[in-house]
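First subunit A sits with subunit B, and in the next complex the same chain sits with subunit C.
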Partner chain A sequence: MPVSTQPPNRVIPALALSALACVWLLDFGLVQPNRIVSGTGYGLYAATGWLGAVVVSSLLAVAVGLALRPTHKRFWVLALLLITALMALPLLLEMLAQRKLPEDSAYARIGIGAGFWCLAFFLALMLLETLGQLKASRRLQLSTVLLIVAGWWFCATREGLSSLSLIREYANRADQFTQALTTHLSLSLGAVAISAVLAFGLALAMVRRERLRRPLLGLVSFMQTIPSLALFGLLIAPLGALSAAYPFLQTLGIRGIGWAPAMLALIAYSLLPMVRNTYVALMEVPEPVVDAGRGMGMNERQIFFKLKLPLALPVIIEGVRITTIQAIGLTAVAALIGAGGFGTFIFQGLGQAAMDLVLLGALPTVFLALAADAILSALKFQGASR
Partner chain B sequence: MRPWLAPVALIAVLCALAALLPAMAPLFSWVEPNTDSLIYTRDSFWFLLQSHIWLVLVSATIGTLVAVSAGIFVTRPAGRDFLPLVSQVASIGQTVPPVAVLALAVPAMGFGEKPTLLALVLYGLLPILRNTLAGLGGINPAVLESAKGMGMSSAQVLFKVELPLAGRVILAGIRTSVTINIATAAIGSTIGARTLGDPVIAGLVNGNTAYVVQGAILIGLLALATDSLFEAIERAWGRTFSI
Partner chain C sequence: MIELKGVTRRFGDAVAVDNIDLTIETGEVCVLVGSSGCGKSTTLRMINRLLPRTSGEILVDGEDINKADPEALRLNMGYAIQSTGLFPHWTVARNIGVVPDLLKWPTHKRDERVSELLTLLGLDPATDAIKYPHQLSGGQAQRVGVARALAGDPNILLMDEPFGALDAITRENLQQEMLRIQRQLSKTTVFVTHDIDEALKLATRIAVMDQGRIIQHDTPEAILRRPASAFVENLIGKGDRGLKLLALRTVGDVMERYPRPRQSDPLTEGLKETDSLRAALSVMVWQNSDQLPVLSEAGDAVGTVKREQLLQGGV
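And now, the complex of A and B:
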């Protein structure tokens, strides 16, 4: 058996030591008397006691030790260790709640400190590096993420974390949260669907008529350059005037503010990536493939639907992916013009200086974008492998 | 000279509007007939424009320095171990919406200019980093071999061969980053930075469409002027370094 000694990994120790420094130097968690007051911060030892401090520190030390060992198996062990650690991370906050939360106060809550965020961030980076070293398949990566999400879900529904500020904010507005989710998804996905149809038509027109290419691409990239706040703002006056002139539009909900200008702006932004990718994808189908199709007796229609479209699909889906991520972010901004969605929580929270409300809006927005990325990337690879 | 015509013209219009908007009050009575305060007056547009540009400029400078040096570090032998992780983080990070980064900077740093700057730097360096990696990674290894064969030191290879060849791609990354940051800085008004977003936000809060239009026009013009400036620079760059 050949003795294959592998070089020590330097990335994991660097990350683990950074995590160790952050965890000991920054506030791990906070205890707030109510939702507005910023509260008292506690370091790792004060927040979780010697048990938490020892577990976290030794976990990071073990990770450093494993990364330096010269075997390949170390990465499997590391992966298991990191997944377990990430799944159980919220339990550390539960320890803080048990130790420091005053029992007689109904409004007291615990907040997440910078130390906790840094620990979660560095652990996630270490896991990313480990999975990369293992050359993990997409399926394995996806199940890892799902496992961790399940772990957090389980922890969040436990009684011990009911005093966590984020969960308090959610519990106060569970209905609004569901509504924000629905609005956010229907606005962004609706805009993506409509612009997909439009973009497909535009790209086909460009394929047929070369002359249209420059003006159309110029127009859609011009729209992409206008900052979101400006475009939302500029649509208010014309739509407002339109609905004032034709009252039946108001019964449809089309006004200067609300979903109508948001939808229009989202569609305008979505066109560039969609049109560009669809056009490039259709143009890049190799000529010999098309010739072979003709040789087999396919007519133009069959060539388009059976050859060109399937071959172009991965690049088109990549356009949909970019567009969807972008639309989810822009929908959050659209809350400023009254379109609803998670942006409502963000801007309300900023207005009231209630940071937990800001988190309640920002974290789901990030989560939606990451989920859309994961789902559409998986679809793209499926399309490419067929 | 022709590529510079569009940016110069747009910058002239932008400056002229920033100075002259207050004199155009009668025009805005058409947009917002029900109020006397037709012009946003809490700060001058000129000041807001300067402050907006300053934020974007500072964040682009810091972002470029950090991203390009990080990109160089992870493509040298000493830092190559970090390359897979850094390139993955650069692409996953871009999935996070800029407005969320802006919102999350507030719990970390409070309200004002500083969290806005932090968010702009953090988010802005991702496209530059990604393009730096793509630019440096896309260079034909044979070119690097022959440069070494000519007796160049590794510093010479970096500054005389790699960076000039990757420059155009890096510049495109800076362009993307600046475009995003002009838009994000405008939203920075909601967390207390003073930018051209102020009139828009104030207008939305008070239901004054005239304010909204004034801010929106200036933000839009700033973005277009900057974009056409980059277009011109990219063309000039292409002429200088075309082989």
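And now, the complex of A and C:
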């Protein structure tokens, strides 16, 4: 029987050993008497007892062993192992809660330590390497991510983790959280949608009229160079004056602070990547293709909709992708001028030195950006392969 | 019939096409030949109005083309270009079907037409139809380009170096096929090339262009025998114009036919009726023989040709 021998993988052992070192040397979790006090840290053994320590250590050891074996099948086994480990990771925190949380204190909570973060980080890197070795398809990658998220979701809803500081912060603000999510999404996606329409028009104008190209590109590039905080600030005065002069604007919610200036600034920032990509994409449709289309008897409309637009679409979507990720991040900053969204939690948390509140704002922002990236990349990929 | 009367095209101050008169009869292949930048493409593109003319008149079947709707005009003129201009996001079948689609042919008629054309151009309707242009070789892409130009069954074909950028053998094959298709369909064709051999091979009449003017418009034979100027003489090459003349005729034109086909000795190398006299002479010189049998496709001897007949054929 032919046996395919393969060189041992060195990346995964290196990552696993780093994880092992971090998990044993750094604090795995904390127990805090209340949300402000930093609390006491516990190492892996102290936090999860011998069971947790043995499971984690042997998992990493097995990963090293598997990675060194000379068969290709090892990567499938590794992938399964790592996915399961990542899905179940929050259970380790549950063990900490069970063992160390004082029964009587209503304010006591557990926090996530550096050791846990490192473990999660290195496991994720190992999984990435494994999927890379398996040449995993986009679909497999996406399902992996969804599986892990589902695992965490399941863990988070369990009673055992209700004392996790992050979940405490969430439980205290469940309504605000939903509202922040809606605001964040509608602000960023709304800005992207509006600027997409604007950018499309501007790009078309530039394609039609070469003379408009320099001034328009200059304008949108200039807007991009203003620091975001400054632009948010700059918009407060004129919008404030405007709404003072026309009270009906106030009833619409247009004031110096709030969603209106945030939306305007977000649109201003979104224009450059979108205009540039759309313009370049439309201009780079090969001349012979357009010439042939016209020579075949297509009219200008048909040339645009049948040839130029479909050929330009992947690059246009790429512009939308960049813009969406950027807008989701910037919306967090817009909380500073009272626009709402997840930034509210971040800045509140910073003000109160409550790190878990910061995380409650930061983690969903990151997650939204990653989700937008995944969805739009998939769309672009489909468009390009057609 | 296409008539150009005193047609001029300027780009700014530069004159690309300078007051040319040219008549292309129905069913004829007119080849525009000349060095780079002499205005061949410009002339061609004025015929389907991809470029407006600066002055003069262009008539198709007696009608001024400016009176017609440009899209309708182009739908009746097949157009093939050197860089093929295939639509990269469409399959071969959809590319070929573009004009039938624009003409709103029913789907089944279009699909039939597409596979008919794929077969005509030596492509496989089953496997090649579903490919995308980037999956084709250069030669296949050019074939698809020609098939696309033919798809709407236009009365007129405009071809701008459709076989440019191909290796000699593929080019030769495509020229053969072009001749075969032309014998079947006899479309009024304007064909642009800067390769004089291609022009001599394909043309009913050749229009030699230089600096935006037509220097000479005549049959290949007349161009070879009586070049109008030193420029034309240079273009056709003084050294081997005798051989080029021989290349215009085929063995079928000069051979002696047998009353009925005969069995031929399978060992003797024979000629084909469609071989040019030039190729036939080459075989004779190589074999050091004075006479060779002419074989049919099936391998029977249908006649014979002598060396003197070949040489006289060129005169």
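Note that in this section the second predicted complex is superposed on the first by the 380 of 386 C-alpha atoms of A that agree within 3 Å, B and C clash if a C-alpha of one lies under 4 Å from a C-alpha of the other, contacts with A are read in each partner's own complex, and residues count from 1 in each chain.
Here is the rule we go by: a residue touches a chain if its C-beta (ideal position, glycine included) is under 8 Å from a C-beta of that chain, and two chains touch if they have at least 3 such contacts.
Everything quoted here is computed from the prediction, not taken from an experiment.
Asker: When the two structures are overlaid on chain A, which partner does A:295 contact: first (subunit B), second (subunit C), both, or neither?
Answerer: second
Asker: Scan A:274 for contacts with subunit B and subunit C and give back first, second, both or neither.
Answerer: neither
Asker: Spot which of subunit B and subunit C makes contact with more residues of subunit A, would you?
Answerer: B
Asker: Considering only touches as defined above, state whether A:311 meets subunit B (first), subunit C (second), both or neither.
Answerer: So A:311 only meets subunit C here.
Asker: Determine, under the contact definition given at the top, whether A:355 touches first (subunit B), second (subunit C), both, or neither.
Answerer: After superposition on chain A, A:355 lies in contact with subunit B alone.
Asker: Going by the contact rule at the top, pick out the subunit A residues touching subunit C in the complex.
Answerer: Within the complex, subunit A touches subunit C at residues 286, 288-289, 291-299, 302, 306-307, 310-311, 386.
Asker: Under the touch definition given earlier, write down the residues of subunit A that touch subunit B in their complex.
Answerer: 9-11, 14, 114, 125, 128-129, 132, 222, 225-234, 236-237, 240, 256-257, 325, 328-330, 332-333, 336-337, 343, 346-347, 349-350, 353, 355, 358-359, 361-363, 365-366, 369-370, 373
Asker: For subunit C, which residues are in contact with subunit A within the complex?
Answerer: 48, 50, 71-75, 79, 81, 83-89, 98-99, 102, 148, 152, 158
Asker: Quick check on the complex: what are the subunit B residues that touch subunit A?
Answerer: 31, 81-82, 84-85, 88-89, 92, 95-100, 103-104, 106-108, 111, 179, 182-183, 186-187, 190-191, 197, 200-201, 203-204, 209, 212-213, 215-217, 219-220, 223-224, 227
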